[in-house]
Amino acid sequence: MVITPVHYIIAPLIAAFAIPLLTKIHKDAARVVPGIVLFYNVIVSFVLMKHIREHGMISEVLAGWQAPWGINLVVTPFTGYLASMVSILGFIIWLYGFRFKRTLKGGEIKFYEILQMMMIAGSIGIIITGDIFNLFVFIEIVGISAFSLTAFYRSRDGAEAGFKYLLIGGFASAFLLLGIIIIYTQTGSLNMAQIAERMPDVPQQMKIIALIFFLVALGIEAEMFPLNGWAPDAYSQAPTPTSATFAAVVSVAGVYALIRVVYTMFDVEGVNNYLMIMGFVSMLIAEIAAISQKNLKRMLAYSSMGQIGLVLIAFGIGSKLAVFGALFLMLNHGVIKSLLFMTGSYFIYNTEDKKIKSLNGIYKKLPFVSFLFGLGALALIGFPPFSGFWSKFYILMSAADEKYIFLIIGILLVTVIELTYYLRVVGRIFFAKEEGEPASHKPSVNAIIAMSSLALFIIVIGVYPDLIMPHIQSAAEALLDKSNYIQQILSLN
Amino acid sequence: MEGIFIKILGAFLTAILAFVVGMLYGGLRRKVIARAQNRVGPPIHQNFLDLMKLQAKRTNIAHGFMGHMAPVWIIIAAMTVLMFIPILHGNLWFENLTMKGDLIFLLYMMVFGSLGMALGAGQSGNPNSAMGVSRGLAQLVGFEIPFFLALIALMIQFNTTSIAVLMDHQEATGRWIIVDNPFAFIAALLASLGMFRYAPFDIVGAPAELASGPRSEFGGKYLGTMMTGGAVFAFIKLVMYVDLFLGGAGNNNLEGLAGTALGLVELLVKTFLLYMIPVFIGLVTPRFRTEQAIQFFWKWPTFFGILAIVWALYKNGTIG
Amino acid sequence: MEIIAIILLILLVGSFLTYFVDSFNKKWTGTTAFLIVLITAGIFFTKIKSGYQFNFQLAGLDLQWGLTDYSYYFVYIILGLSVLALLYSIKYMEGKARLGYFYGSFILTVLGMLGVVISQDFVSLFFFWEIMTWASFLLVIYNAYYKIKTKGIKYMIFSAVGAYAMFTAIVFIHVHYDTLLISEAIAKGAFNFEQYIYIPIFLLLGFGIKAAVMPFHVWAPPAYAKSPMSFTTIFSGAMSKMGVFGIGLVFTSFYLSSNPENFFWVRTILGWMGGITAVMGTIYALIQTDAKKLLAYSSVAQLGYIIVGLSTGTQLGVMAALYLAVIHAVFKGALFMVAGAVEKQAGTTDMTQISGLIRKMPYTFVVALVSIIALAGVPPLGGFVGKWLLYEALITESNNYILVVVVFFSSTAAFMYSYRFLFGLFLGQEEKETEHVKEAPATMIIPMIILAIIATVAGAYPGLIFEPAAKAMQAIGFQDVTWQMSSLTNVWGDTTDLFLIAMLIFAVFIISFVFLTLKGLKKTRYVGTKDISTSGELPKEWENLTFQLDFFKPFERAAAPLYKMDMNKIWKDLGKNLEAFFGFFRKIYTGNGQTYALYIVIFLVVLLLFRDVLFS
Amino acid sequence: MSEIKSIGIPTPEEIKQAQIDFAPRCTSAGRVNDKETQGMVEHILNFARKHSLFVVAYGTGCGAIEIPATMTSRYDAERFGIRGAATPRQADVMLITGYLSTKTLKRVIRVYEQMQDPKYVIAFGSCAINGGMYFDSYNTINALDRYLPVDVYISGCMPRPESVIKGFVKLQELIKNGNAGNGEAYRSDLDWYRKNQQKVIKNWDFPDNYNW
């Protein structure tokens, strides 16, 4: 096997150092190289996915130290699925942002590109690492990239949002580290598989306290209520491709980390209920907050939080079908929310403010973008024949299997709220009386390709979900099969 | 073949009877009112003269196709309903299409004429006509409710929706429905006050207030035809009430012409007595406003109607 | 590939095709859409017979598409009306903006409706139901412009609540009965009120909202009135019937599988909901001044009758409901087309603005007249048959005597708005403002006339509709449905011979019409509407002789208590309060970093404090 | 002389001219219904017409008060088949009960033209015949039959109900003989009537065609 999981991380790291040098040769290098790297990651994903389908999971050992002593990268169907998803979405976001970034000042662009690439690479690292301290490191990489990107536009609001993110991210790091320390003192290991193996021997109190630290720390990353105060500001102040990345990549990584810790490492009762309740509260509060937003990006940010809440509910339910639905929803959310941010950014670009009010009749100016936004909105709400329908369908099915009647009704009512604010925006876009001049910024070709590919995915998966379902199925199985994971990793050495 | 001949002849006979009796009753009403007011009053045949004069008008105007059609609608409604009402019980000549339509059909068919007339009145463009129609339709909603309640009471008490079967029943038991279900009769009778549109429910065509309302733009042959229709309708309503509540007419054992003649006399007596009720009430009452009229119909007549249903259910054995 | 899949694919591709034809050449958009649906209808009716079935697997679910006689009955409504509406639409929509958008969504809506009736499993049912809902939503907001915030969203919210209620029920059917096939669910008694009562209730809620049952009817009038008329034809004529379709399916299977005596309350509640819907729709229809709104409220009322018919659960009642479903689609479709024609030609349908169009639009008027007579239920047109069946079902079979009075009240009051519609648009003074009005183009007239002819023929030969309706009833479990071609018989054996009635009316009509016309033919003159007896005064041009405002004020005064119950206001208040409530919760996100930090710490502390409660 | 003129009394020349201009022109051109020529059918119809007189009482002057008395119990005109009509469309007889100001004349003409043939006019009192006490008023017409064809004049100021009934009986007689009903005459002499009407009615705004 020529391509190994470590390529995921090595390539961006090398590129990150190389880009400043390469910019000396050609100033476009800063824009092109990340693309090449991210495309390489996509290739890596495909190769690895093919490999694990044929030969089972991969656990790659770094620097010759065998697990559980060394750092290992694990590609199971689960992590492989998420890593592929993240890398593909990362690449599409890069494609989208390729020309968009031209308007930035030349000096900053390489930083932007590097940070963006590192954020995606870090997220992939979070997903594929098998070592808890390594996880912490990758979270820090992502975090630092994200803080800087949030404050990328050196405006007052941007700085404020970045600082908030930094502050809360600091909490996250601290608590995560605390949790890791407790776990390490108790189990003497940093390898997730080994921790999981030794977990039954840990005293209950220690276990729970460690878990709580993990839950809070990773809850911040996963945008769980009430730890998600940073999210609306960060989403709305960051450059739009970054917002899309937050929604499609970073939050996925955050949820992954949370789920990995909860599902694999700990064996505590009640955590599922915790996830379910907090997921529901997150969803409810986020959607309620979203309905009265006047800023498009903030609205989308709250909506993201709501969707993540739904993912958490599904993980909380914990049955195979629920996990399947959750994974499907993570994919859908990544795709659809990216599409919404991408199209939304063109609206903002043209109206020159982020207000929903100024979207009136923008359909006339940007027909195709408006069409895609409408499509995305309908898909996100969960209307057939779009992909969003199926994920919601399976999550509700799984909830019903466990007889959570009120949960189902609650989710559906929250969906009604969601639908209300999305369709208000859609109605505004298409039907309000238009104001102002014709569009000054038409979408460029690369952006159209990026958005269309996402839209195509939404429709194709919506009409024929069987295309993607086996992958998600095996991913869900891999996540739930904890003993297999432990066995495989510990015996692979 | 002979049957069809008799049927057609009978239909014409029925129509003529209804027309003559209706017109005469109209004349009688005028006479009665005049006598009550201590006047001599017009002769009984005055309505025939009026009709003849109206038809003898040399010129006529219509405001359009619907205006031209309005009297036709009334005649259609009148003749159609007439054909489905049993005039004399079991009489071949007056049988017509009695068994081919039931009460619900009659109820709706009777509205047909008013609706057609309303359309004709509407086309004239006279605001008075439109106002009259508005009041008339509103009043219709008022009095149809108790009437329908009474009909339902009869239907469920005797398990039929056919007026002919109700007549058969009365003949078979020898007891009039007014005895079997008096409340239904009261409700229907009160509703009939609105149906005849005499005072106090004559605001629809109030001459001084609305310039005779819906009819204000009709003259000559149109008005004459309408009068004909109205006369036939008066007869229909009376016969219907007699059939429903007063045992109908023609329940005698005489054969042939004598039986028919006796039946007709019986019919005339019953209908005349019935007719005098709205006439006399009209004599002594002033005029209700539309909403007062509606509210009146929705109070006591409706109460009696509901009572009638309860009574019917009690008699039927469903409750009690 | 299966024929049904091809049909749906044609519609799907056709939707996009129409969209692109529009950007290529605006003139052909309408024609393309019409041809696509016409071809679809042609293929459907020639290739697919009832009893057709198609099983396949998708997304790990066993799906089943097919057609019973029952669904086929609704296919007639959907495709027949769609073809006519699209033919009508060609000229109606001419010159309007965003034609591609309109026709694209239109075809998608047709696809959704067709999908709903061919679905024999719940997942596809819900799938297509949702497609239908959002596609129609796009059409509802087509004309709404800045009213989007209230009018369109109201429709969508209600629809979504309905759809999700239905979805909840579907999910529970899956859980409790382990099936997603409708036929299996019926066989296992899933719609029964005895076992899991929330399943049928949620299903009825879902279907009932689409059928605009009180108190969820508030979305319907604005949505019907605001959409383009060619779409409202479908919207009110066919799409609301999807709700009827569902209720019929659920309810009858419930009746036939259980002892109705035990569940008298279910029947009563549903019947009364239908009855109150009918009354509410009627009394609000008659105070409208906009013809479109009047028709919209009237649609709500008519759907109420259908619900009442279904609620009886008896043979005659269900027959009445099915018959009314078709005849309502026919006459209300024609009436909405009439309103559209007036709107197109005269610029508005506000009855206080226009009047006296009868001479300018004679064909339209004749269609309106026929349809209104059918709507009012006056013999000899098709509407009477429905009314007759309904009353007889309530009186003879269902023993619901007070309900029948309520229904009767509604249908008598319907005379008022029926008259109002004709008078408001076509009769009355011919004002100068409408002098320029011309008759609508032929492609708009032809579909109307076809519908009017159907309404007329159905009056004399209702058997033409009874035949498929009887088959449909047999398909949902009724045995030995009897019907006659042109006469009606109730269980007590009383008949009404419609053919005779029609012939009699025709004969009397000919005789009296000829007599009245020929008599004094030369001396009979037609005069204008300004020549009226106004106490000798000569009406000036500017004088207003049109009586249109507050037309039924006396009735309003008499029925004032009925008008006090305004569902619309209740829902609006609810919405406002909810938004205020949400606004309060939104303040959790203060935008202050310190607060957020505080939240985190407090949350951590709370978790640590209650760790024993939460985790073990 | 000039003083006399100032109060409006016409000069002999003017009177002469006026006699030429305003001479009543009730020709028999429209009389299709003479006693000699009328056939059996027409005879019967005239019988009906005579016994059924729907009255539109144009209460122009003081005579309006006599109408209720005539119609109600004491004199009971209904026994002759005389009955009020609500609108001119339904009416046969128009009663001009007293003086006619020019303003009212316009309305009266309008009402008359809206009535259906055969239609009759009965003029009450001296005011309608020759102006009566208003003979020199600036706003009252003097002789009604210059503007409308009048069938029966009832003299008096005002005529009592007995006279009114007598007038009606006279009208019935005329109808029976086929001498009443000047609608045809009005139509045939329309130009002349119009000229006279237009002379006194200043704000003339009738439609050009006369549509009964």
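First chain written, first letter: the chains are A, B, C and D, and each begins at residue 1.
In this text, contacts are C-beta pairs under 8 Å (C-beta built on N, C-alpha and C of every residue); 3 or more make two chains touch, one makes a residue touch a chain.
Just so it is clear, the model here is predicted, and its values are computed rather than measured.
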Within the chain touch network, how many edges lie on the shortest path between chain A and chain B?
-> 2
With centres defined as the mean of C-alpha atoms, identify the chain lying farthest from chain D.
-> A
When centres are defined as mean Cα positions, the distance from chain B to chain C in whole Å is 37
What is the distance in Å between the mean C-alpha positions of chain A and chain C?
-> 44
Please work out the Cα centroid separation of chain C and chain D, and write it as a whole number of Å.
-> 60
Roughly how far is chain B from chain D, going centre to centre by Cα mean, in whole Å?
-> 40
In chain D, which residues are in touch with two or more of the other chains?
-> 87, 89, 117, 211-212
Where does chain C touch two or more other chains at once, residue-wise?
-> 523, 525, 527, 531, 533
Can you name every chain pair that touches?
-> A-C, B-C, B-D, C-D
Touching residues (chain side chain B, partner chain C) in the complex | 55, 57-66, 68-69, 71-72, 75-76, 79-80, 83, 97, 99-102, 104-105, 108-109, 111-112, 115, 118-119, 122-127, 130-131, 133-135, 137-138, 140-142, 144-145, 148-149, 152, 155-156, 159-162, 165, 211, 216-217, 220-222, 225, 289-291, 294-295, 298, 306, 309, 313, 318
Given the complex with chain D, which residues does chain C contribute to the contact?
-> 523, 525, 527, 531, 533, 535-538
The residues of chain C that touch chain A in their complex are 58-60, 101, 123, 126-128, 130-131, 133-134, 137-138, 141-142, 144-146, 148-149, 152-153, 156-157, 160-161, 164-165, 167-168, 171-172, 174-175, 198, 579, 582-583, 585-586, 588-591, 593, 595-597, 599-601, 603-604, 607-608, 611-612, 614-616
Sort out for me which residues of chain A touch chain C in the complex.
-> 160, 163-164, 167-168, 171, 175, 204-205, 208-209, 211-213, 215-216, 220, 226-227, 229-230, 232-233, 268-271, 273-274, 285, 288-289, 291-292, 378, 383-385, 389-390, 393, 396-397, 399-401, 403, 405, 408-409, 412-413, 415-417, 419-420, 423-424, 427-428, 430-433, 464-466, 469
Interface residues, chain D side, partner chain B - complex | 44-45, 47-49, 51-52, 54, 72-73, 76, 78-81, 83-87, 89-92, 115-118, 183, 211-212
